[in-house]
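Two complexes come next, and they have one chain in common, subunit A, joined by subunit B in the first and subunit C in the second.
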Partner chain A sequence: MEAVKQGSAAIGLRSKTHVVLACVNKAQSELSSHQRKIFKVDDHIGVAIAGLTADGRVLSRYMRSECINHSFTYESALPVGRLVVQLADKAQVCFLPFDFVLVVLVLGSSDFLLKLDFCLVVIGSSFGELWRDLETRDTPRSRRAKSLQILQTYCLTRVAGHYKINNSVEVCTQRSWKRPYGVGLLVGGLDESGAHLYYNCPSGNYFEYQAFAIGSRSQAAKTYMERKFETFDSASREELIKHALFAIKETLQGEKLKSSICTVAVLGVGEPFHVLDQQTVQELIKSFEVVEEEAPAPQEPSAAPEEAAAPAAEAAAAPMEE
Partner chain B sequence: MDPNSRLVMEDSQRTLTPYVTGTSVIGIKYKDGVLIAADMGGSYGSTLRYKSVERLKAIGKHSLLGASGEISDFQELLRYLDGLILYDNMWDDGNSLGPKEVHSYLTRVMYNRRNKFNPLWNSLVLGGVKNGQKYLGTVNMIGVHYQDNHVATGFGNHLAIPILRDEWREDLSFEEGVRLLEKCMRVLIYRDRSAINKLQIAKITAEGVTISPPYSLKTFWEFSAFKNPTAGAEGSW
Partner chain C sequence: MTKQQANWSPYDFNGGTCVAVAGADYCVIAADTRMSTGYNILTRDYSKICKLADKSLLASSGFQADVRALQKNLEARHQIYQHQHNKQMSCPAMAQLLSNTLYYKRFFPYYAFNVLGGLDNEGKGCVFTYDAVGSYEKVGYSSQGSGSKLIMPFLDNQLKSPSPLLLPAQDAVTPLSELEAIDLVKTAFASATERDIYTGDKLEIVVLNREGIRREYMELRKD
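Right after this comes the complex of A and B.
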């Protein structure tokens, strides 16, 4: 979660027919190139990430393979909602930084006990439900005590794969080689039921949004979008992109918005997911700024540049809401 | 275990020949959706052994599957599809598998089994309506699949498709569609030895799937040539 908060900002917003993802691309130095934070997952799904971009790449590769497999078997686009659930489940299975041992009776057989924490990786997340249940009710210590008691009375049988179980019940619980995916994903997609925007946390939770922002200084963007989100549903493609650019501008806190530091991607009905090239973005920025510069002239010509950012956006909003 | 019996065991795990088979299935698109007809016969070789085999089954909310060929393989397919539809329903998220998806899935299954030299010995007709779009396709045991306005399996390809090519129109009403299908089924009853005069017609529209109860067509056997069949060549016994 912290990793997400420290990554550079990414925002997403949707209308009924389009989804726009945008992010701030800060290069490490003048000499280096920008990190890619927006990935195309399929013609109808794209993802913007914030946090550990390496983890983001791994997850977008997973998403791409899920989409392609679905396309191959069913010759149709994978509904975004299902992809997002599969992604969220992935977060649950892969990392288990919990200090307890869960013991479960396997259905149908005569009292097998399996040490489950990393068995989940092999057996599958169907036991995850039980496991999550226990987790919320007991404290780690009481869970451990209970499960150790049970372990002592039954003999443990095989656990697939990684490690052996000691009969002396010296079980290690935390794995040093496993950690959560440190990346937040804004998944935007289009399916039969319309355009969707989801946010997937490293915790495995996911939520659907009309508009959202993640990463550092995302609160400024969220504030802007909270003011405007009611118009998003029926906004046109151009208005949506404009709102996205303004939201990005908010996160820059006074720095000038240039196409070299931001990336914008669009997808919608009749328009497969694609990243807008720098020139297009620069032209869009220019066209929005022209309207913006007109507005403060009659209002606050002497305003300092940093302060002009907020009132300018506000003033610019007025003519555009017409 | 001697090596010979082992081979026999392996072979008996694969489908080599069909045993209880259904004959043709015919499907057409009409104005409001899709109509599919099949008779209710299950032949055991040359014997018309079973006379109440339902060869048309609804799949999910939007599709219907008709099968000819090995009946047990059809039942196996229904189990696969049951699992698929259940999994789809469990998502409970407003999305559902349409006929195109089911057809694609069946194609993958049939082709994969064929590649393992263990085919599901069926020719399938898959029809459905989703979001106002009509869909009619077919897959057979080697994985050949296509969509069209009218499809048929088995003998239907030879006897029914020519009729449909002449008489099918885009805007057939329900009654016209049924009449057209009955015309094709009648020819099959007369000329296909594995067909029986007991059939079902299924209708798939945006409202859903309905399969008619079994009924028979009127046939005419009073041709004068039938009255004295040996007139041309009297035998001594």
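Right after this comes the complex of A and C.
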């Protein structure tokens, strides 16, 4: 989770027909080139990552092969919702189908605990059953044997002296050779049910969003998008890209927005996923900046008519009052 | 004790003929659209030509289920290539891939007789002809399928290709213009349709050149 917060910003937003993904390209130094953070997964799905880019590449390779396999078998595009579920499941090492919540069960007396080289932690609906079963065993040896059997049934392995049974927990965190995927993924895609944007956390959780931002200084982008998100659904492709660029600008906090430090990718109805080239992005930035500059200028002359209008309104109001 | 023979075959023969001709800056790939089994016609409107990449088209006759499986396999492999290399596969690369894919099933082959046509990296037409297990050769023109034994001698006569054994290596592409080549293909198919029962109904011609891909149809005899 920390890795995601420290990665450079990536944002995504969607309308009813288009999804735009954009990210900030932060190069390690002036001499090096920047890392690619936006990947095409299929014609209708793209992903932007924040965090450990290496993990992101592994996951996007996985997603690509899932999409290819699906279209090979079913001759149709993989629905985005299915892909994110598969991705979320991948984050789980030990996926248990049982209806427990975090399980904590301390077995027997203290001398028993000493002999036992693990503690079972069990809570939940099946707690009573397990506990009763263990209670019926009167020797520590048989209790230990039963506990081991339970653990084996639930496919657990030793994790730093504790076993956790959970219906969705990351048991892998303590093993030396396994670690969670340190990358947050913004998955944008288009399928029969419309355009979608999902965020997949390293924890395995995923949510659907109208617009979201991840990575460092993403809060600024989120604030901007929170102000404007209501217009996104019906926004046109150009407006959506404009909002994306403005959101990216917010994360830069003062730095000038240039096409060399951001990457924008679009996908939508009739438009397969593709990354916009630098020239197009630079032109878009220029056109939006021109609009921005024009806005303050007309405001001054419009301020004058406003003042003129205000007394007129007052005058109109006055007659109305009379 | 006489040897037990299988009374069931995993293969069927759906007939059809495919032709491809390479020119200086174009490639013509043509195939009839009849699918048959035994003495029956399954459909008069089945395309045997598949676009694998921007510059490669595959025409295959034989057992269409195997052909379809082969096409899907190659399409998936091409997608992976595009993800990894960020560009489309060239025709010679696709030719090698097809050969390897076919040989992979050396001991349970794809019953597909293929002709791969396209433009190489320089924009020149290229045609690759295959057997069922992947042996391939770059040629100036080729035909495969039930009508190939009727068409091939005709093409040899009209498009006499220099021997590939000659040195210095001579260009195999035909000096004919695009329209002349299309006309030649139409003539070839019209003749083959007369005598081959598995060829007929409609001729699908796909022309690949600098501007892109163009599709044309011509009616053939329906008997």
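Here, the second predicted complex is superposed on the first by the 215 of 322 C-alpha atoms of A that agree within 3 Å, B and C clash if a C-alpha of one lies under 4 Å from a C-alpha of the other, contacts with A are read in each partner's own complex, and residues count from 1 in each chain.
The rule is short, and it goes like this: a residue touches a chain if its C-beta (ideal position, glycine included) is under 8 Å from a C-beta of that chain, and two chains touch if they have at least 3 such contacts.
Nothing here was measured: the structure is a model prediction, and the numbers come from that model.
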Which partner does A:D191 reach: the first (subunit B), the second (subunit C), both, or neither? first
Once the structures are superposed on A, label A:R64 by its partner contacts, choosing first (subunit B), second (subunit C), both or neither. second
Based on the superposed arrangement, let me know which partner A:K40 touches: subunit B (first), subunit C (second), both, or neither? second
Which superposed partner A:R227 touches (first subunit B, second subunit C, both, neither): neither
Considering only touches as defined above, state whether A:G81 meets subunit B (first), subunit C (second), both or neither. first
Subunit B and subunit C contact sites that coincide on subunit A, given as residue numbers: 72
Would you tell me which residues of subunit A are touching subunit B in their complex? 72-76, 79, 81-82, 85, 191-193
Could you pull out which subunit C residues touch subunit A in their complex? 72-73, 76, 79-80, 83
Interface with subunit A, subunit B side, in the complex: residues 91, 93-95, 97-98, 100-101, 103-105, 108, 131
For the complex, which residues does subunit A have touching subunit C? 40, 42, 61, 64-65, 68-69, 71-72
